[in-house]
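Okay, so subunit A shows up in both of these, paired with subunit B first and subunit C after.
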Partner chain A sequence: MATKKHFLENIPIGLYFLIIIGAMCYIQLYPLGLPIPVTEMTKATYRTVENLNEGDIILVDQGYGAGTIASHEPGFVVVFKHAMRKGLKLVILSTSVEGPLLLDSALAKIRPESRGYEYGRDWLHVGYVAGGEPAYAAIVQDFASTFTVDYEGTSLSGMPLAQELIAPTYEKIALVYVQSAGGDVCEGWIRQSAVRYDIPMIQQPLEMMVPTILPYFPVNCQGILNGGIGAAEYESFSGLPGEAVKLSDMLSMGGLVVLIFLILGNIGWFIRPKGGD
Partner chain B sequence: MADVIGTWIAALLTIAITSLAWKDQPASKMANHIYIGVVTANSIAQAWANIMNVGINKIIAGDFLYIIAILLGLLTYTRYSKASFWVYRYPIALVMGIGVGTSMRGLVGGSFLDQIRDSFFQLAVPGDAMTSVNNIIFFVILLSSLSYFLFTVRAFRSETAIKFSTLGRYAMMGAFGYSFANTIATRINQYAGRIAFLLIDWLHIAS
Partner chain C sequence: MSSSRTYKRQIPLALTFIVGIIVSLDWFIKWDPLQTFTTTLMNFQIVMVAFMMGFAGVNLVYLHSRRIQRNMSENKLFDALLSVVLLACLFIWVAVGIGMGMNSDTYKWLFNTFNQSLSATAYAATLFYLASATYRVLRIRSTETGILLLVGAITICANIPLFTAYFPILGTILVWISDGLVKYSYRAITIGVGLGGILMGVRTLLAMETGYLGATEE
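For the complex of A and B:
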């Protein structure tokens, strides 16, 4: 016969979520403004962008979907803003079908035109890219023959930035910035651009995928942003505060509540009557 | 006005799908189905645009080699025919071959050689005690974790070797704990984004 569980091990799941959500709402209404310690991974990411020269081109895989927007969009926004501050050019594509739909939301926060950034000359968006790793290989080898039109269907032949990327494209790209929820996408880009052509790379995987990418840091991947946490650190470190910093108190509070429940669950396990399973 | 309607729809769908945390109910199911429907429709539209931009438009421009790619793509649909389903194996085999071949070029270097090379460093760094300690911990954990997977060498069945590999097992459990903590952080972060949306953009009671 199974041993009866202690009530601390049987907290109703709905109550559990209610307490977490309540605590997070409270901290958003009354923020504490807790300090954000910046990890070496984030500093390395910042330095990689900071060390680029004006006019250098960053290839961005804006490969996130609606489900991970809170982790990825702040990172995209702050790196784009940092690139604008440095006078860098950005070529944006997406390995997620939802990525192109979500770009407008990010651009509304970036406002490239406010810094005099002109579409086609300083930044470019070619939309969704199918094909997985062979597609990444094709893009870094010959961008111009892989894409002939941008996301809106406008020919790239009249866009100066696209003309800068004629083969061999890997010699024209100064940095690859990959955002993705999938470890296979992150590792695919490492194999096809960093390993094969020594193109510097920074990545922003989801927090849960960071352990997969960590072994590549810093040899193949010069910087890693740990999802939304990494974005908050980057915002804080670069002096470009944005949405991730606003969420950091909620993250701390949510994490604290989960930790308390973990401890309670374990106390319940230890004090339950012994015997049975 | 469109923005206000959009915000209200997004807010109500967020609340509806969150109600799943309490129990499965019609509101959460409806929000779930709407999301799947929108994503599926968008996927079809994006895929079609991709076929047009990367395939059809190039054929129209005179690059007739892309006809082969389109035909191979169409052959994958033969799997829905009982008489000729075997044909779909050829384009799939081709795609798999290209995928594996492309991956292999970077796999050995990135996932194997570079990481082995990166494991060779000076253990004791003069004047930097913390780095020295980190390097030594890394070195011991690397060896003990590797020894955990040595199943067939007799020397690794000794009591000392088993204790050493146990250390590696604990180190790996620590790494799994880090991974699990990151998973929790991911989930909290996603919902933090929605809470911020509800409180700031919808209710306007936070900044």
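For the complex of A and C:
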């Protein structure tokens, strides 16, 4: 017969959830504004962008969906802003079906036109691309044969930035920036662009996917942003504060509650009368 | 019988071999005509995947139509309703997308109001599942689970700015775990998977692996 669980390891889950929600609401109302320590991975990511020259082209896979927008959008926004500060050009595509529809939200925070960025000349959006890894290979080999119109359906033939990417495209791209929640997408880009053509690469996977990319860092992948925390670090390090910095307090509080309950559960396990399951 | 075998087995195998060899050669040989041809092949693949997504939509309609019929006959009205909602959403999204365009205000409204909100909510809800699982399951029952819990707790702490701001040593420990344990063990796994992938690729090219053809008559 199983011994009765101690109260500490049997706290009602509803109460636990309420505490998490309450803690996050509290920190949203009364932010701590703690300093954000910047990891080497984030510094390396920043340096990779910083070392590019004015006019260099960044190929961005804005491959996130609505589910991970809280982590990925700040990463997209801050790298875009950093690129604008450096005078870099950006070509945006998406390996996520939802990605193109989420771009408006990010652009409203970036406002490329505020720094004189002109669509078609300084940045470009070609929308969703299906096909997985062979599609990445085709894009880096010959961008013009893969895309003939942009996301709005406008022909790319009249856009100077698209003309810069005619084959061999891999010689024109200075950096690939991949944002995705899928390990296959991240590794696929590494194989088809970084390994094959030595194109520098930075990535922003979700926190849980970082171990998948770590084996490639820093040889094939020069920088990794550790999900939303990585974006917060990048914002802090680059001096371009945004949404992620504000979220870091919530991450702290959520993680703190989880940790406290983890400890309570184990204390309850240890002080439970012996002989129990 | 012989023509059926040719159609179902030999032609697909020959195509696989030819395409596989061409794409593989492109990796090793820098020759513009070959590269152009390979890019064209890859663009075919993009188109095929896009077609498959449309085909998947048709399959979804077929599958759920049958499901609605079956659930109605078995008086499972709620299950039937779920399928009806799915099909209604599918038709509305397709009609608006094709009729008004994906950049239309209506399509964006549908996406922002339903997709984005529901998707973000569903993903955020996983936090509660994870938190609940962490609290109820992670116990120091043995040395192994103790090590697992310790590493997990350090990882949680090191990913929380609140801790790393006051205890920078946590960041150092996490770097040691990441670089010393995770990176190299995962690298070994990646190399193993890569070798397995090469072997599988060679076997597929040589028609020793035919599972991708589906069930075919021998």
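The criterion applied here is as follows: the second predicted complex is superposed on the first by the 276 of 277 C-alpha atoms of A that agree within 3 Å, B and C clash if a C-alpha of one lies under 4 Å from a C-alpha of the other, contacts with A are read in each partner's own complex, and residues count from 1 in each chain.
In this section, a contact is a pair of C-beta atoms (placed from the backbone, for glycine too) under 8 Å apart; a residue touches a chain by one contact, two chains touch by 3 or more.
Note that the coordinates shown come from a computational prediction; the quantities given were computed from them, not determined experimentally.
Novice: With both complexes superposed on chain A, which partner does A:V129 reach: first (subunit B), second (subunit C), both or neither?
Specialist: It touches subunit B and subunit C both.
Novice: Under the stated touch criterion, which partner chain does A:L247 make contact with: subunit B (first), subunit C (second), both, or neither?
Specialist: A:L247: touches subunit B, not subunit C.
Novice: Of the partners subunit B and subunit C, which touch A:Y119 in the superposed model: first, second, both, neither?
Specialist: neither
Novice: Check whether A:Q141 is in contact with subunit B, with subunit C, with both or with neither, and answer first, second, both or neither.
Specialist: second
Novice: Can A:I190 be said to touch subunit B (first), subunit C (second), both, or neither?
Specialist: A:I190: touches subunit B, not subunit C.
Novice: Quick one: classify A:N220 as touching subunit B (first), subunit C (second), both or neither.
Specialist: first
Novice: Once the two structures are fitted together, what part of subunit A is touched by subunit B and by subunit C alike?
Specialist: 13, 17, 20, 65-70, 98, 100-101, 129-130, 132, 134, 137, 146, 196, 207, 210-211, 215, 226, 229, 251, 254-255, 258
Novice: Along subunit A, where are the residues that touch subunit B in the complex?
Specialist: Listed in rising order, the residues are 13-14, 17-18, 20-21, 24-25, 28-29, 65-71, 97-98, 100-101, 127-130, 132-134, 137, 146-149, 153, 187-188, 190-192, 194-196, 206-211, 215-216, 219-220, 226-229, 243, 246-247, 250-251, 254-255, 258.
Novice: If we count contacts the way the header does, which residues on subunit A are in touch with subunit C in the complex?
Specialist: It is residues 9, 11, 13, 16-17, 20, 32, 34-37, 39-40, 65-70, 98, 100-102, 104, 129-132, 134-135, 137-138, 141-142, 145-146, 151-152, 167-168, 196, 207, 210-212, 214-215, 217, 226, 229, 232, 248-249, 251-259, 261-262, 264-266, 269-270 of subunit A that touch subunit C.
Novice: Name, in rising order, each residue of subunit B that touches subunit A in their complex.
Specialist: So the residues of subunit B in touch with subunit A come to 18, 21-23, 35, 39, 42-43, 46-47, 49-50, 53-54, 57-58, 61, 98-99, 102-103, 105-107, 109-111, 114-115, 117-118, 175, 178-179, 182-186, 188-196, 199, 205-206.
Novice: Which bits of subunit C are touching subunit A when the two form their complex?
Specialist: 27, 35-36, 38-43, 45-46, 48-50, 53, 102-103, 108, 111-112, 115-117, 119-120, 122-123, 127-128, 131-132, 134-136, 138-141, 149, 153, 156-157, 159-165, 168, 171, 175, 178-179, 182-184, 186-187, 190
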